Amino acid sequence: MSDAGPPDRRRVLSLRTSRMEALSDGIFAIASTLLVLDLAVPAVQPDVAQRLVDQWPIYLAYLVSFATIGQAWLGHSVITEYLDRADSILLRLNLVLLFFVSVLPFPTHMLAAYFSSENAERIAVTVYGLNLLAINGFTSVLWHYAVGEHLVSQDRSDADLRALTSKLDPSLISYAVVIGIGLVVPKIAVALYLLIALFVIIPFRAVARLVRRGTRS
Amino acid sequence: MSDAGPPDRRRVLSLRTSRMEALSDGIFAIASTLLVLDLAVPAVQPDVAQRLVDQWPIYLAYLVSFATIGQAWLGHSVITEYLDRADSILLRLNLVLLFFVSVLPFPTHMLAAYFSSENAERIAVTVYGLNLLAINGFTSVLWHYAVGEHLVSQDRSDADLRALTSKLDPSLISYAVVIGIGLVVPKIAVALYLLIALFVIIPFRAVARLVRRGTRS
Amino acid sequence: MSDAGPPDRRRVLSLRTSRMEALSDGIFAIASTLLVLDLAVPAVQPDVAQRLVDQWPIYLAYLVSFATIGQAWLGHSVITEYLDRADSILLRLNLVLLFFVSVLPFPTHMLAAYFSSENAERIAVTVYGLNLLAINGFTSVLWHYAVGEHLVSQDRSDADLRALTSKLDPSLISYAVVIGIGLVVPKIAVALYLLIALFVIIPFRAVARLVRRGTRS
Amino acid sequence: MSDAGPPDRRRVLSLRTSRMEALSDGIFAIASTLLVLDLAVPAVQPDVAQRLVDQWPIYLAYLVSFATIGQAWLGHSVITEYLDRADSILLRLNLVLLFFVSVLPFPTHMLAAYFSSENAERIAVTVYGLNLLAINGFTSVLWHYAVGEHLVSQDRSDADLRALTSKLDPSLISYAVVIGIGLVVPKIAVALYLLIALFVIIPFRAVARLVRRGTRS
């Protein structure tokens, strides 16, 4: 791999990863918590319980969004675990990724607000899907750049790197398919995003293991 | 305890705990501070002092919520103090816990808004109790998983681990009792949650010690 | 100094200070940034410039609040710099301090909203002063507890500790005086809080030094 | 360079940079994420897609603001990378810088709201430019102070320091020029700020390198 720029210039720009991690954790934390401000408390009325239940698309959107940001954070954590040093281009690629993370509350809000109208929902589901695609795509770009520029720790074997690459590489085709489905039947795309979210955030294997352990002891 | 999965697979996924701690601290900090946005400033009027005093349920809800998140943070801090490494399942269990932390401002808001209507208050108190139960339950699950998977530091004695287990294990029965009380007399459950919150956040022993020291010197 | 509790029990509870620092930095950061949401943008009108200028009490309140939280953060940073370890009581004293930091946006908001009415302003200035008193008082309590329980680093000389004590100890009398002044002439108390804030946040000596250096070279 | 103050006094005040970094990352993260709350979701209507497209000045303002805060964060990261220790004056200079970062959402909001009226836009563009000038100016002050007080790491060569100085020193004249242009033709200044923002946040060289690598393999 050919490196652009003289070696001494690159040494100057070699940076610790701690601040990149701290800014990222801050933005992931805020983006995943801000949406709680959308959970409106209906005024006191005889049928307040019904009103609370009727708000279910907002709760669902909050859950999907939290799980999605959680999944993006998991991938990002694993990348920084492997990183040895950062350079200024990696920091900027990371800023682009963080931009799409910080903006996710907007399409999530649309998803909740446009649940009742099929036409508006089509728009919301498509914008939401494109945002997910951008988050996953830039996570992958970040990783490829780090590997290509030899920014990952030397003790990692090539097999480790390849294993992570195959995990992080976005299944761009499957995302494109879900975005396409959303253009025709928005509700099915919502259900698919929910399934992906639940699949990611619930550690099924851990639950199964704890249950097994509980029944044995 | 039998470990599932081959050892080499687990080595790849072994992670530092620093990012898990940073994301958690960010979400704990935001969830405990966001509610200040609910403290409305009444318009200037002759009886503005009275209006400010009349808002006391909102102040109370803010205090209870801050104390509750503070207590959850204390338990979480002690767990990460013992943790040596994390694996991807621990990170996901932590995300589930953080979900319930990030959502707490919503039932707290309900608690403040529904204070005057007994029927609505019953709903708010019950949802609030279930949220507390989830936070404490998942903190306990996190700890049991970490101990079961040998993720805690090797220098900790078994006595230390058992001591922490007996402290963190949620008194699920007592929570169920308070939730049950709330269904019948919501105001008493509010008082009990306040007592628990004050008991947790005020370091009585430290105050007593400082007073003793002050009177001696 | 007599220590309550058996020594082995205290060893178990000895904790790193990193998470206490991270939660504190998160809450300080959010409390000082959230108020920007109060800076309302007036609707487009012929006299929009005048409208923006008329909002000056809100800008002033934002500045005072930011400077006050900044000053509290400076004191807190110096304390954690000296800390070697934390115990669970210190963490709880810190949570009480953070409670008063997180709540400061509320009286700051009152300060901005009640600027035009002397009666309402008296209330706002008094609540603001009490909040400042609580922040400074608990910062001092935190430090006295840490020194009393030998939680500070062993390499610090007694002279260092005494120097910091004399700096951090709140001038409770002077605060009481400003709160008293605020009850009689609120505007003067606002001016005094502003003077304190400007004095704290502007590093006069650094500015003077840079000017001197600039004129020499 | 002559150092004011006796050396022993300065030793007492010498501080780690970790808390200064954590507070800064928190404020950068919040300031860059808070604006997502301004992205309003229009009510469901037949022409909801058109309404969403009509909001483009808000999206543009969000993008410019995120990129601007990202650029400021990049400069700040590089400075703290070089820092060895901090003193209390550096912490205060940093607080002044953070003040201007935390306030940026306000002029950004003005930029979005006043896009349709040339007179109001002139005000917004000027305030925005002055805020950018303050952020870049204080970043430069921070660096000059750190170098002047020998707070940077000893292993850095003088050539390294000079290289960073020439990068961080704000092109004050060019900013003054853009602010001046904004007074005459606000729209051109907006376009210039957008160009600067895009130039900073998009890592053109990385994109080009990845494309080259992709076409070769």
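As written, the chains take the letters A, B, C and D, and residue 1 is the first residue of each chain.
Note that a residue touches a chain if its C-beta (ideal position, glycine included) is under 8 Å from a C-beta of that chain, and two chains touch if they have at least 3 such contacts.
For clarity, every value in this text was computed on a predicted model and none was experimentally measured.
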| item | value |
| --- | --- |
| Rotation angle superposing chain A onto its copy chain B by C-alpha atoms, nearest 5 degrees | 90 |
| Identity of the chain that, by mean CA position, is farthest from chain D | B |
| Type of chain B:chain C copy interface by residue overlap (half), same or different | different |
| Centre-to-centre distance between chain D and chain A (centres being mean Cα positions), rounded to whole Å | 25 |
| Centre distance in Å when chain B and chain D are each reduced to the mean of their C-alpha atoms | 36 |
| In chain D, residues with contacts to at least two other chains | 22, 26, 29-30, 34, 37 |
| Chain D residues touching chain A - in the complex, by the definition given at the top | 21-22, 25-26, 28-30, 32-34, 36-37, 39, 41, 43-44, 46, 48-49, 52, 62-63, 66-67, 70, 73-74, 77-78, 80-81, 160, 163-164, 200-203, 205-206, 209-210, 213 |
| Complex contacts: residues of chain B adjacent to chain A | 1, 4, 12, 15-16, 18-20, 22-23, 26-27, 29-31, 34, 37, 88-89, 91-93, 95-96, 98-99, 102-103, 105-106, 109-110, 113-114, 116-117, 119-120, 123, 141, 144-145, 148 |
